[in-house]
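Common to both upcoming complexes is chain A, partnered first by chain B, then by chain C.
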Partner chain A sequence: MIKLLGAALILFAGTMIGFQQAARIAERPRQLRALSHALSRLETEIGYGHTPLPEALTRTADTAEEPIRGMLRGAAAGLWNADGLSFRESWDEAVRKHWSATAMKKNEQAIVLRLGSTLGISDKDDQKKHLKLALLQLQAEEDAAREEQSRYEKMWKSLGVLIAVLIVILMV
Partner chain B sequence: MLSQISQLLPPELKRLLENLPPEAKMHLEEVRIRENRPLEISFKGQFKFADASGRLLSGPDGAYAPTAEQCRKLLERMTNYSLYAMEEELRRGYITVTGGHRIGLAGRTVLDGGVVRGIRDIGGFNIRIAREVVGAAAHLLPKLLDRKRKTAESTLIVAPPQQGKTTLIRDIARSLSYGVKKAADGTDWPGKKVGIVDERSEIAACVRGVPTFDVGPRTDVMDACPKAEGMMMLLRSMSPEVLVADEIGRAEDAEAIREASHAGVAVIATAHAYDARDACGRPELRRLLQDGSFTQVVELKRTAEGIMHRIYGARSLLQPSSGADIPRMPAVSGFEGHIRSRPRES
Partner chain C sequence: MNIDVSAIFQIAGIGIIIAMIHSVLKQMGKEDMAHWVTVIGFVVVLFMVVRLLNELFQEIKTIFLFQ
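Our next item is the complex of A and B:
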């Protein structure tokens, strides 16, 4: 009886681990897409609205979903506090702080961090160019992430169950 | 007042300004920040350098030199981290920040077909501190009232830079808008509808369209608007009785002022000129005086006791025979009155 219960628990745990890994892999392209949307929104605010950066960031954050919302809010909040942070410092801090909550990887973090040293300090055309470049790079990452998803998502789901089954068989 | 400026500054510079001697802090007029060069401050008409602890030095040796990093932070903060939203300001070479303070910029210009499109690599900042001096126009005001027509006289105020033109015109707008209790002839003057065209956001220091200086209860402000266009817009939409504008001088400004005076609106404007005769030498201003768009000219001169003014009638100024007789700027005692002796600390 106890053996049966243990086997059931192992099966359940293995399946869950597999599903979680699959969810992470499925989540990455979705978040990359959301990040791209946020950046194009930012581009519109800067290029056509001439909205000042702190306000543009908060407005973009309002339309974005977590965890990107928290990241943009954090970057805007760091700007006018007493420490006299430059935009790059505030952006760096916010990105690094919120990155662990996302399913995204180092590559896209580097792209986003690079934006910190260019946003706000040049004219409109230049800003649009930098944002466009970042969007292109994120697009490439997203494509790669989708490919990875189609390849590994199913695999992780079945792998979890199969490994659990293997363990149960070995134990019996 | 100082707090509005110091929140723009990087922490090191902020601390330095806070440690300045109280007298300098109180009368601070300009802070000049040049990358890697001595920090200069100006108060009460004198220039000094400051060292890292806020002590004043008469020479540049040993003075504090702001670093490139600090200048970049200052630029970021005063543009609200958004240089791209300041293209118009960079083209003109200055930025007006909350409180009406103006920050002049110097650096390498960007040209586009021979026309300056902006400034990049900004290495020099001049922070000019705006002060609201309520009552600055009190002495001058009775002379601006037209008793017969029960309105203000159209007046041109001339002076070189840094003599208090904008401070004066702001207080004139405020006083006319509130109305004058117990004027010189013993009667009360009700407040007038005043329209201000504030091209450089210095008169009213609007933040999101709302004036931060007291410009009176019956005053409408057209903020950051080209003067000529702004005057026409106000004439059409807000039916002002008095129009106030700063630093006129272009042909289209003159056209708008003429239009206003034909509509019976009094115009009070300032112009850069050394004195009244110098103003007559400028063709646009001369024509405005000739056709009666301005009926009088006020000349300002700053002295140790305060700002002095002297008034000329437009006609007497233009008569060729008497034109030569107009005395050059005499000693202070020859002036008709002084406007203020000390700025009020706000």
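Our next item is the complex of A and C:
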């Protein structure tokens, strides 16, 4: 009786782990798209609105979805505070702090961190150029993420169940 | 005599599941991992067979080489 219960629990856990991995893989392109939207909005704020950077960040954060919103808000908060953080430090800190809450990987983090070291230190056109560059790179990452999703999402779903069944059989 | 049939079923089950994992991984283009899974499954089954064989030889020893 208790053996059966344990087997059912292991099966359930394995299935759930597989589905969670699949969901994480499916989430990545969506978040990359959201990040691209946020950055292009920031570009508009800088290019046409001539908004100062902290305010532009706050406004962009207001329209973004959750993991991205927290990140942008954190970066803006670091600038509003009177700690004397430069934009790069504040951006770095916010990105690193909120990155684990997203489904995105190291590549995207490198792109975003590099963007942080170029924003807010030069004129409008230069910043727009750097934002365009980051957007292009993010677009490439998104394409790669989409391909990965179509390949690995189903694999994780079936693999979780299969490994759970294997463990159950081994432990009988 | 009581032959333990469940061990045979267990080995058969491991074989089926390993074959399924192999085909899933191969279909997704991770052939190297698929082969590793097969090898590991083979080793696990080998250990189980070795244990059964050990029992068999002990049995033979106690029957023929009675000290």
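Quick note on the criterion: the second predicted complex is superposed on the first by the 172 of 172 C-alpha atoms of A that agree within 3 Å, B and C clash if a C-alpha of one lies under 4 Å from a C-alpha of the other, contacts with A are read in each partner's own complex, and residues count from 1 in each chain.
Criterion: a residue touches a chain if its C-beta (ideal position, glycine included) is under 8 Å from a C-beta of that chain, and two chains touch if they have at least 3 such contacts.
Remember, it's a predicted structure, so these values are computed and weren't measured experimentally.
Novice: Quick check on the superposed pair: does A:20 touch chain B, chain C, both, or neither? Answer first, second, both or neither.
Specialist: A:20 contacts neither chain B nor chain C.
Novice: Thinking of the overlay built on chain A, is A:107 touched by chain B (first), by chain C (second), by both, or by neither?
Specialist: Touch status of A:107: no partner.
Novice: Applying the document's definition of touching, compare chain B and chain C: which contacts more of chain A?
Specialist: B
Novice: One more residue to check, A:166. First (chain B), second (chain C), both or neither?
Specialist: Once the two structures are laid over each other on A, A:166 reaches chain C alone.
Novice: Which partner does A:54 reach: the first (chain B), the second (chain C), both, or neither?
Specialist: first
Novice: Please work out whether A:63 is in contact with chain B alone, chain C alone, both, or neither, and reply first, second, both or neither.
Specialist: neither
Novice: Check the residue A:150 against both partner chains and state whether it touches chain B (first), chain C (second), both, or neither.
Specialist: Once the two structures are laid over each other on A, A:150 reaches no partner at all.
Novice: Scan A:139 for contacts with chain B and chain C and give back first, second, both or neither.
Specialist: neither
Novice: Do chain B and chain C land on any of the same chain A residues, and which?
Specialist: Shared contact residues on chain A: none.
Novice: Can you list the residues on chain A that touch chain B in the complex?
Specialist: Listed in rising order, the residues are 46, 50-54, 56, 79, 82-84, 86-87, 120-124, 126-127.
Novice: Within their complex, state which residues of chain A touch chain C.
Specialist: 151-152, 154-155, 158-159, 162-163, 165-166, 169-170, 172
Novice: Within their complex, state which residues of chain C touch chain A.
Specialist: The contact residues of chain C facing chain A are 6, 10, 13-14, 17-18, 20-21, 24-25, 27-29, 44.
Novice: Quick check: in the complex, which residue numbers of chain B touch chain A?
Specialist: Checking each residue of chain B against chain A gives 9-11, 14, 72-73, 75-77, 79-85, 87, 118.
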